[in-house]
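Chains: A, B, C and D, in written order; residue numbering restarts at 1 for each.
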Amino acid sequence: MPITVDQLARFVELFAERLAAEKENLTRLDSAIGDADHGINMDRGFQAVLGKLPEISSDSAGGLFKGVGMTLVSTVGGASGPLYGTFFLRAGGALGDTTDVTAEQLAAALRAGLEGVIQRGKAELDDKTMVDALSPAVDAFDRSLDGSLPNALAAAASAAAAGRDRVTPLVARKGRASYLGERSAGHQDPGATSTTIMIEALRDALQPGA
Amino acid sequence: MPITVDQLARFVELFAERLAAEKENLTRLDSAIGDADHGINMDRGFQAVLGKLPEISSDSAGGLFKGVGMTLVSTVGGASGPLYGTFFLRAGGALGDTTDVTAEQLAAALRAGLEGVIQRGKAELDDKTMVDALSPAVDAFDRSLDGSLPNALAAAASAAAAGRDRVTPLVARKGRASYLGERSAGHQDPGATSTTIMIEALRDALQPGA
Amino acid sequence: MKKLINAPDKVVDEALAGMAAAHPDLIRIESPNIVVRKDAPRKGKVGIISGGGSGHEPMHGGFVGLGMLDAAAPGAVFTSPVPDQMLAATKAVNGGAGVLHIVKNYTGDVMNFDLASELAQGEGIEVASVVIADDVAVKDSLYTAGRRGVGGTVLAEKIVGGAAEGGADLATAKALVEKVQDNVRSMGMALTSCTVPAAGKPTFEIADDEMEIGIGIHGEPGRQRMKLASADEITEMLATPILDDGPFSKGDSVLVFVNGMGGTPLIELYVVFNKLAAILKDRGMTIGRSLVGNYITSLEMAGCSITLLKLDDELTRHWDAPVRTAALRWGI
Amino acid sequence: MKKLINAPDKVVDEALAGMAAAHPDLIRIESPNIVVRKDAPRKGKVGIISGGGSGHEPMHGGFVGLGMLDAAAPGAVFTSPVPDQMLAATKAVNGGAGVLHIVKNYTGDVMNFDLASELAQGEGIEVASVVIADDVAVKDSLYTAGRRGVGGTVLAEKIVGGAAEGGADLATAKALVEKVQDNVRSMGMALTSCTVPAAGKPTFEIADDEMEIGIGIHGEPGRQRMKLASADEITEMLATPILDDGPFSKGDSVLVFVNGMGGTPLIELYVVFNKLAAILKDRGMTIGRSLVGNYITSLEMAGCSITLLKLDDELTRHWDAPVRTAALRWGI
């Protein structure tokens, strides 16, 4: 059963809801190794997305994601604005004007989003950024595609969380946390955390019957 | 038995010692209704006096007190600098170049000092200033003069302390405490406190055998 | 106590040495601790001096230079300077046309300046004094110490400095400061206390949801402690007594001075300015000139004060005149 | 949280409105939240813009005006602005001679400026960018985000602003900022944390006897937490890495910039300046120019940073050129 544009809009809403709920926690994580704004930034962006949803929920999956990406670029700022913005813009570009998205198309969209993030931010694995959650999630999704979509999404979410936790002991090499040097080790990365929330929201929104 | 210049120098030293010991307490009182510097100011001035004592302990009582007054004026600043400075300058002026000070001469000197303070600061009784300790002390000293000097000094010290405490409930009308309006009521005046310490130091320094 | 200092009793001396090192083109430091305009005395020019406790920086040392003060006498922190300093400053800037003392109305400042002025006059220097008392938080009364001198002092120093640079004589300079005094009103508030270095702890304790309204500039508590309010409400609380007390009416052009107490970021001062502009607009007044920043402070205290000066052509002209000091500079 | 604000999400908008009310002779505010020089665009003049998170005031909005920036794009507090702002600013100041973007080296700033620059170039405006990265607390490495842009930014903006006002073309302006970048180094420290309004509590906790060394300008903790030291020791700790890293040697003339982080009184900055002057003298260097005050801040954080720029005739000339902005003004 293909994924509908409505389901993807539901994903966006769910992500927005959970960001609002996790706003303080994300900001707290960013206080420890950043500048105490990641939750505020993401919430500002996704509140704007929610406000624009009627306008940007076009008929196509690509149109929806591009609208989300544009809104994020225009309202978030900071590192996460261009990075999440690029993720959605590229994913939207990959989806094009399709209305019924297959699992394979979704996989390609996630991959395009990841590549956009890497291109924009130039982070590599183990730099301790959102890439460390996003990259294993996309890989896991790809690997599990021949099974059911819910299973593939569950694998992606687990991989994101595992990636997020795997880099917690590391010293950051990109983003603000890198300025702390050794002091960044042992702290959970805010961006990897919000990315995990995103993949989990995708998993839950595309659950059969969700 | 007349009072010697050495005894008066001992008074100055004792006052300086006790100001050093009470520095924090006086500053704490001034924190509540002033600008948190009265102890610091008085201590700075009397440390300077101690440093200059060899130089200013002239042969005469007047010379000594004038030296103290000049040093205070030049090193204290704030309200207490000119006020205590004037007190010692005027008292010194009244003592002149006498070397053996009688109780009557001391009374006249204290009175002259008090008048100097009033002229300089224009405070009246109940304005809640050092005058509220100094004025009753000088009056009590005068009243008790026909008895022994130690008794007169004891009376003066009690009157100073009583005056200091009497005005604690009042609203200040002079000095910084007046800016607080009603909020100044209930707080002990720092200047009345240091003046009481001064009269007590005089009492103790002129004790027979002190 | 968290401060960038070496020892409490060295703060003032070392800061003055730092000023001398930073601004050798503007000032020199002379004994006993006075800040003197580099090229003082200027022959034939009225000398303008001021002074007061340290801890209010940039006031007054940061205002020494062309078009403003000829010298400043900084005392210990929050303690008015000693007469020796004002006497030395008076002598250092005396160019033969007399010297004007600008004194903030605090018992200590007034008495110490009085002593200095007597001594200077004894040495044959013509001295005039004006006492600034612009703080509407304090009731104006004959029977008390009267109003404090606060933000209006900065404006008076700039304006009379401009006039003196332009050749005003001593009587004219004095009259001009009195005119500023007649037309200026201020009021301040604090969100936090500050710590006098020698005292080592905050002057007062204050809860996280409280503020002090009607403070001076010596880290002292204010007239009233209140629950913390919004910037708009606070601005109203400061502006209303000023506007009600002062000579302000519809159609007036005013100089609007929003001052930080030292620990409040500029972004917040502009939030206050924004509300104040709306209040003035409501009253039909226009903002002729403005000044926003930390100019008369209480060490690291968080808070602000508002000062309004009713302008006319004369005051505006001298305000606009060139000034070249460490803290205020334009036109040159 | 004790702040003079109305609501955390209104601080930036209201402060910008306050700036517009306070400085109508210098700037105008345009949508979406950009500060534009009153008379922009200036035909034939290279436009100079910068931007970054708010909370660093007066940087950058306070530097908009004749001889410095043509526009500034302020983001949310400590959050780099969005490309729409830099695009709008670029268009607003484009006088046909191209626009220079001065970007502080933070991942967010760089990416958002890059996006804006792509968009502006897409609209046919010639754009050049220079990234400032002068913070020696951060190791310079190809494999990390690299050094932060801090105090050197203020100096670069003034110097290139002077040159652009004097007619420098885009390539010359860009080369000049690169020259500043090559010759400038900074390092900062904090005594306290600050509170991002939207976060509502201090970014980090710190004990009464501790300090953070090697901070940036976003209220973040530094490279190292240490026991509180004296002003002299702290000045050594900041100056030594700067002097060891930078192109400084005996006989050089330097611009000495002692900057307050927002909550430190000026008197303490001069104490630091005093020690710094002694250190430079020891190394046989002279103080060619100096700047002391709060120019690039982290809200109400207590602390300071030191920036040294090796001067030559060209840099000195452009530094001395007239400037007329809310925060820096001379010669006009």
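To be clear about the criterion, a residue touches a chain if its C-beta (ideal position, glycine included) is under 8 Å from a C-beta of that chain, and two chains touch if they have at least 3 such contacts.
All values derive from a computational prediction rather than experimental measurement.
Participant: How many angstrom lie between the centres of chain B and chain D, each centre taken as the mean Cα position?
Facilitator: Distance between chain centres, rounded to whole Å: 54 Å.
Participant: For chain A versus chain D, what separation do you get between their C-alpha means, in angstrom?
Facilitator: From the centre of chain A to the centre of chain D is 32 Å.
Participant: Cα centroid separation between chain C and chain D, in whole Å?
Facilitator: Once rounded, the distance between the two centres reads 28 Å.
Participant: Calculate how many whole Å lie between the centre of chain A and the centre of chain B, each centre taken as the average of the chain's C-alpha atoms.
Facilitator: Roughly 75 Å, centre to centre.
Participant: Could you say which residues in chain D touch two or more other chains, in rising order?
Facilitator: In chain D, residues 77 touch at least two other chains, as defined above.
Participant: With chains as vertices joined when they touch, what's the shape: line, ring, star, complete or other?
Facilitator: Contact pattern: an open line, chains touching in sequence.
Participant: Can you give me every chain pair that touches, using the contact definition above?
Facilitator: Every pair of chains meeting the touch criterion: A-D, B-C, C-D.
Participant: In the complex of these two chains, what residues of chain A are touching chain D?
Facilitator: 27, 31-37, 40-41, 44, 73-83, 120-121, 173-176, 178-181, 183
Participant: Give the list of chain D residues in touch with chain C in this complex.
Facilitator: 1-7, 11-12, 14-19, 21-23, 54-55, 57-58, 62, 77, 191-192, 208, 211, 228, 230-232, 234, 256, 258, 262-275, 277, 287, 290, 292-294, 297, 299-300, 302-304, 324, 326-327, 329-332
Participant: Applying the document's contact rule, which stretches of chain C touch chain B when the two form their complex?
Facilitator: Result: residues 53, 75-84, 106-108, 111-112, 114-115, 137-139, 143-145, 148, 196, 198-199, 203-204, 216, 218-224 of chain C touch chain B.
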